[in-house]
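Below, each structure is written out as structure tokens.
After this come two complexes, each holding chain A, first together with chain B and then together with chain C.
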Partner chain A sequence: MTEGSPWQNKDHETDSQSAMKAETVCFRNYRKIRVRYFAAVPDDKREVIMTGKTKKVSVPGQTKKITWKEIRRQKILLIWAAAFVIYGFIFCYLPLGGWVMAFQNYKPKDGLLGSQFVGLAKFQQLFSDATFLRVIRNTLAMGVLNLASTFIMAIVFAILLNEIRTTWWKKSIQTISYLPHFLSWIIVTGILHDVLSTSGIINELLVKAGILDNAINFFAHPKYFWWIVAFANVWKETGWNAIIYLSAITSIDPSLYEAAAIDGAGRWAKIRNITLPGIRPTIMILLLMNVGNVLNAGFEVQYLLGNGLVQSVSQTIDIYVLKWGISQGDYSMGTAAGIFKSVVSIILIVMANQIAKRTGEESLF
Partner chain B sequence: MKGKKVTAMLLTAAMAMAASGGLSVNADGGDIKEFTAFFAVPGSEINDDNEVQQIIAEKTGAKVKETWLTGQTAEEAVGTMIAGGEYPDFIDGSDGMQQLYEAGALVALDDYIDQYPNIKAYLSDAQWDKLRRDDGHIYWINQFSAIYEKDMSTTHNDEAFWIQTRVLEWAGYPEIRTMDQYFDLIESYIEANPTMEDGTQNIGYTILCEDWRYFCLENAPQFLDGYPNDGSVIVKDGTTIVDYNTTPTAKEYFGKLNEEFKKGIVDPESFTQTYDEYIAKLSTGRVLGMIDQWWDFAYSVNDSLKLQGLEAQGCNYVPLPITISEDVKNQWHTTGLSGDNINEGSGLAITVSCEDVEGALQFIDDLLSEEILTLRNWGVEGVDYLTGDDGLFYRTDDMRINAADTAYKASHLCAYSYFPNYKGLSKDGINAATPSEQPQEFLDSLPDNVAACLEAYGCSTYVDMLGNNDIPGIWYPMYSYSGSMTTATPGGLAWTKMGELKHEWLPKIVMADDYDSAWEEYMDAYAQCKPEDFLSEMQEELDRRLALAE
Partner chain C sequence: MKKVKEPETKQIKYKASAPNTVFVTLNTIFMILFVIVTLYPVLNTLAISFNDGTDALRGGIHLIPRSWTLKNYTTVFQKNNLVTGTVVSVARTVIGTLTALAANALLAFIVSRKRFLFRKQLSLFWVITMYVNGGLIPVFLLYKNLGLTNSFWVYIVPGMVSAFNMLVIRTYMEGIPESLEESAQLDGAGYMTIFTKIISPLCKPVYATVALFSAVGQWNSWFDAMLYNRMSDEYTTLQYELMKLLSSVTSQGASAESMKNAASAAGAVTPASVRAAATIVTMLPIVCLYPFLQRYFVTGMTIGGVKE
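Let's look at the complex of A and B:
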């Protein structure tokens, strides 16, 4: 329906349905309204409404000149939109001015305007640092590992949860499972430290079960670190991430399941042929958004769980920025590393989006 | 009836006023200035309505809200402030001091100092001169480089090999001089006593190496070779910089740790524990020995051993005079900095965000007066200490327990501990500056097991266990320079990289199956950090300091 229509809040129903309903039930003075309304809309639109069909009509109104009248009519919308544009500008674009630092030898004393420009020297310094290259590797590895594990686990969990028949049981499991999301990382890492310590419950279980001879100090071996981080992320976020899939599952038409049941489909067949395809658009959109986040592999977890022994696998770009940018006072280098991260993220998200488009899936833009 | 109502309303109004704004008016009716301070060292915040703080505020007309480092390194905290460009009125940036100076965040104090007699007298002229930065100005006042009249230290506040008194008692208080003897003792004790009285497993030796606290693992080789705590290097013969990371002693020390690690004497969680976990571990009384600085563990651990009654089991720690071999004389303990020596690397500074520099300096000056010093160090007379007929201060047992109680400390005591303070004698010339330095008070508050142990060794203080040493030379301490290095110079860059590398490799070699080859690998990796850049800059600084003294 067109904007400004008095029935527009009924957009779940088809136009003809809503028109009928309105005519018979809702508005006593419907006729009057319709006449007044129709006088205000252009002829081409009137046709759409009258026939009750949503066929695509090339509406010349889209290329219509912006008139003061039109602006006044949409005043409220414009004000709201402006608020968000201003917000975005102040908090997302204005800080980008600081990127200048990466091309300077920035000294806080001299400020942004007074510092000496050095071109790409800081980037050169960055990429000739073996630590930085290792840090990129760690970030990517942990990012991909986290993405894959939390992503798959959330879907699996949502589907499993959906299969539970008893409502109260389902609800309570759901509530319990997303509680960890509200814990801060400092608490989660504290718990992990206790659980995985040599005298912790995991070691105790493994030793008692005879799987291990001696307790392992999990945090002392670089080979475990990435998996511990992925595990921590899964534990903390699975329940929370599953919410969105659960809601997507709820919106699947129940008649499909009924039809499938009549055709003799079991649970597994229903999941494979109805649930999964039903939430596929949601999965794709979330996957795309998360790909852009791969380099945000984390800061707190690695910072809090890391120690000297595993620092070669635990440090992420964010920790590197903190260490060299903030601690060592080389703000230019920190900014350069930050720019690198942003650029790679943009490339990743554009690439993923293109792939999605090509394969005919949902895409972000 | 109406009169009553009015009275009630007036009372309510008065109470509301007292509750909201009344506290900021002092006895003279003038407003109390409120300053803010940040110290880039761990510390505990006191309550806003702290009693002694209020008394000091009434007497001086100012109070300071202090905040401390939490969960970050000093450089991180300071770097964040610089990036934001906003500072508290007072700051001690610790290892981040140089960054604050370079960012132009500090107010030059040299023009003001002469107007404040207490501040002026706090340091000697030579010390003031050492505080000057390369632009010729003084920006901060080191708070711990002043001993009034004479050194009275009873506690070894610094680094040492510590051991629980129960181990020494069990072995009949043997003389322990070397690392081998130390670990032999721990081994034989743990063999005879695998658990504590309540069945908790004993831990032979633990190593704290979280972040900047890894000195507990890292810098022992300098002490083992009989040098004092220059912190980052050895100064040989008072003229030459030597790297303690590569000495034969270093190899032997880490080799010994490796051997003990394999035997299970060294706590397997050593390299992954956090500071909190470490303190919790020591507080259970399970750990027989470790290297640490007294200030890093003793305050929290001793209080909790006392509360749990573990003093009776002999779980308190005493230091041992350990070196690499018996013919090397130890210098674990040196007299506090005073006279011409000073840690010029950090101190209390006033920032450009402070709107009342003179008021801030006046407050520091007031804090150094006799009356306020006593309030800061001893507390309130009659409540926290009593005065004997001879003018000597003393405390009752209850007062001592109060002074160890965290809640009481937060609500009542206010030491302003990172503002300039004296050690040694009090300005009255009779008492020690602080209770822990008061000889009788020290003895009375000593746990029984420590008292027995000290007596067995013929010592009267912790310091006697190690023996006192004068400050080794005019250059001392070199850490005040390495602490202020930044990555802007090759030496500073090397220093940072060496630190990173050691964080990873020292635990690795201690845990290595084949120590000798691990050591070789470590030395190769170490050489790639270009330690020679660092050492040559340290040598330049040493030469500069020596030349300055002449």
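Let's look at the complex of A and C:
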């Protein structure tokens, strides 16, 4: 901290320095607050500001009781909160009511209340549809493939980037690595089409290297499709996903590395014994968060890259929903498929969380 | 749990032992490959966008255009729907980002007030929305019934509050000492004054982060335009127009013959070269901005990624 805050006491600086670091950005701005607010802060509270331990000290003093006085005091907060609840109810919770459609033979002219109730018939129809079973397989396969490849690449990239000692080189690679994340899937798939086309660079290199005799159209063969999607995800998100791991690595105590160096550990040994265990909690949390998203992993890329030739491997649950629901107008069928996806996702999250708890790792809830 | 990063004063001097040199060399090669794989496709598109369309069909253009032309770009800006798309995209990015920022900040302010009576409940109400949603079709029907289809507001209103962005701001606000709020209240400031005059100025960095996230999301989204505004050309977006260009190029087939025919009809531009130019136009604003905003999205990711 080069700039001292106006109330900062020199004696406390070293003591509180590390605690304040985390909130440096926020503290830096306190200068802009008029000093008179601090005049009103009691002395013991001022200590609290400096050590940054506000939460622990101030919470016990407050009892939350719903009293008229308190309600009047917070009137404006309550009004806004109510507005947000109404908004959230309409846009996030009301669509859940639409799930009723999956148990009906929904006709738009009859509405939600007037449509004929058919129980689980739509689900039966869904699971007897060979296409739907194939769609589940595709979604799971691509979800797992994407998760594994983006996950591993991000960790590897973060660790290797951290080993670079030249600052400008490290910074430039990092900046470049973020670039694809900011491009839309439209652009990314367009670029992929160019790169993988028969006259594209990949075919050119493969033919020149003698691996292929003739250029092939990668998008015409189902066996390549999943790998192309995985590659697209890796290309787009590696640098972005590495951000969290990089910050986790920088928070590892440097003295550990020094101690290891004295013991004669090489770089590889340090990575294996210090860096990887150090970022293990972060890895676990992110893995948990992403497991629930496995089924969400497939819409845009598959929709944009898919074509008639690879349809059997490219269709995912979301595309199926779109096809049945919006294009064919069978809302009930589409909703049933959507519910299936949501339920499986939630089961996956809860299961992953339980496993994490059992094995004593970090857990989400 | 979290150790704060210490200043990197002591750099360990490595002895240039054999395995170390191997490691450094391999690492450098890996990084160079990474940079090439990341940048080449983008630079290649750039080269094609400045190259004569018919000439580009011969292939072999890598990083430098063979015969320079600006025709692809003039064609892009002569297309009416692309111009409309640009205007709509800019409008939705600006309006959408500002409204989303205001909404998320206000909500985060409310749930980060320690005295607020329904703090836990309101937080939970929004966190649930991160995990459960109605799905495509119920949402589609809802928007239709609300009159949001075939309208500009479908880009703005439904996505105003995002639980993730709200949590990022909330985490940041919770780091601000409560005594600031208390002393302001002693001076007679109401909650709205505290929000606008005291908390918000302190939250500028995290506001920048969230604004960046939603601006990128707005600029890059195309699916909503396709789903809800397919019938109304006046609300088309740049990304959606680009998507139409892409599918027209790919559906015209890999056969270069048909492209050559199209090219001779349209002059020196081909669908592929026009698409390259449109791609560059679409990515330009973000590519120019993001390097300068790095520290904002890095802090945002680290705050938001670990919490809840």
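Quick notes on this structure:
Operating definition for what follows: the second predicted complex is superposed on the first by the 272 of 365 C-alpha atoms of A that agree within 3 Å, B and C clash if a C-alpha of one lies under 4 Å from a C-alpha of the other, contacts with A are read in each partner's own complex, and residues count from 1 in each chain.
We take it that a contact is a pair of C-beta atoms (placed from the backbone, for glycine too) under 8 Å apart; a residue touches a chain by one contact, two chains touch by 3 or more.
Model, not experiment: these values are computed from the prediction.
Contact comparison for chain A: of chain B and chain C, C touches the greater number of residues. In the superposed pair of complexes, A:Arg280 makes contact with neither chain B nor chain C.
Of the two partner chains placed by the overlay, neither chain B nor chain C lies in contact with A:Arg272. Within the superposed three-chain model, A:Lys109 lies in touch with chain B and out of touch with chain C [touch as defined at top]. In the overlay built on the shared chain, the residue A:Glu70 is in contact with chain C alone; chain B does not reach it. In the superposed model, A:Ser312 lies in contact with chain B only, and not with chain C.
By the touch criterion defined above, A:Lys357 lies against neither chain B nor chain C after alignment on the C-alpha atoms of chain A. Of the two partner chains placed around the shared chain by superposition, neither chain B nor chain C is touched by A:Arg137. Residue contacts after overlaying the shared chain place A:Tyr331 against chain B and chain C alike. When the two complexes are superposed on chain A, the residues of chain A that touch both chain B and chain C are 186, 193, 197-198, 217, 307, 322, 325-326, 331. The residues of chain C lying in touch with chain A in their complex are 1-6, 8, 10-12, 14, 17, 19-20, 23, 27, 30-31, 34-35, 37-42, 44-45, 48, 59, 62, 103, 106-107, 110, 113-118, 122, 125-126, 129, 131-142, 146, 157-158, 160-161, 172, 174-180, 182-184, 186-187, 190-192, 198, 201-205, 216, 219-223, 227, 239, 242-243, 246, 249-250, 254, 256, 272, 275-276, 279, 282-283, 286-287, 290-291, 294, 297-299, 301-302, 305-306, 308. On the side of chain A, the complex with chain C involves touching residues 18-19, 21-23, 25-26, 29-30, 32-33, 36-38, 40-41, 45-46, 48-49, 52, 54-55, 58-59, 62, 64, 66, 70-71, 74, 76-78, 80-81, 84-85, 87-88, 90-99, 101, 157, 160-161, 163-165, 169, 173-180, 182-187, 189-195, 197-199, 201, 204, 217, 235, 239-240, 243-244, 247, 250-254, 257-258, 261, 266-268, 281-282, 285-286, 292, 299-300, 304, 307, 318, 321-322, 325-326, 331, 334-335, 338-339, 341-342, 345-346, 349, 364.
Residue ranges on chain A touching chain B, taken from their complex, read 107-109, 131, 186, 193, 197-198, 215, 217, 219-220, 307-309, 311-312, 322, 324-331. Chain B contributes residues 71, 73, 75-76, 79-80, 82-83, 85, 99, 102-105, 209-210, 214, 268-269, 271-272, 274, 277, 486-487, 496, 500, 502-504, 506-508, 511 to its touches with chain A in the complex.
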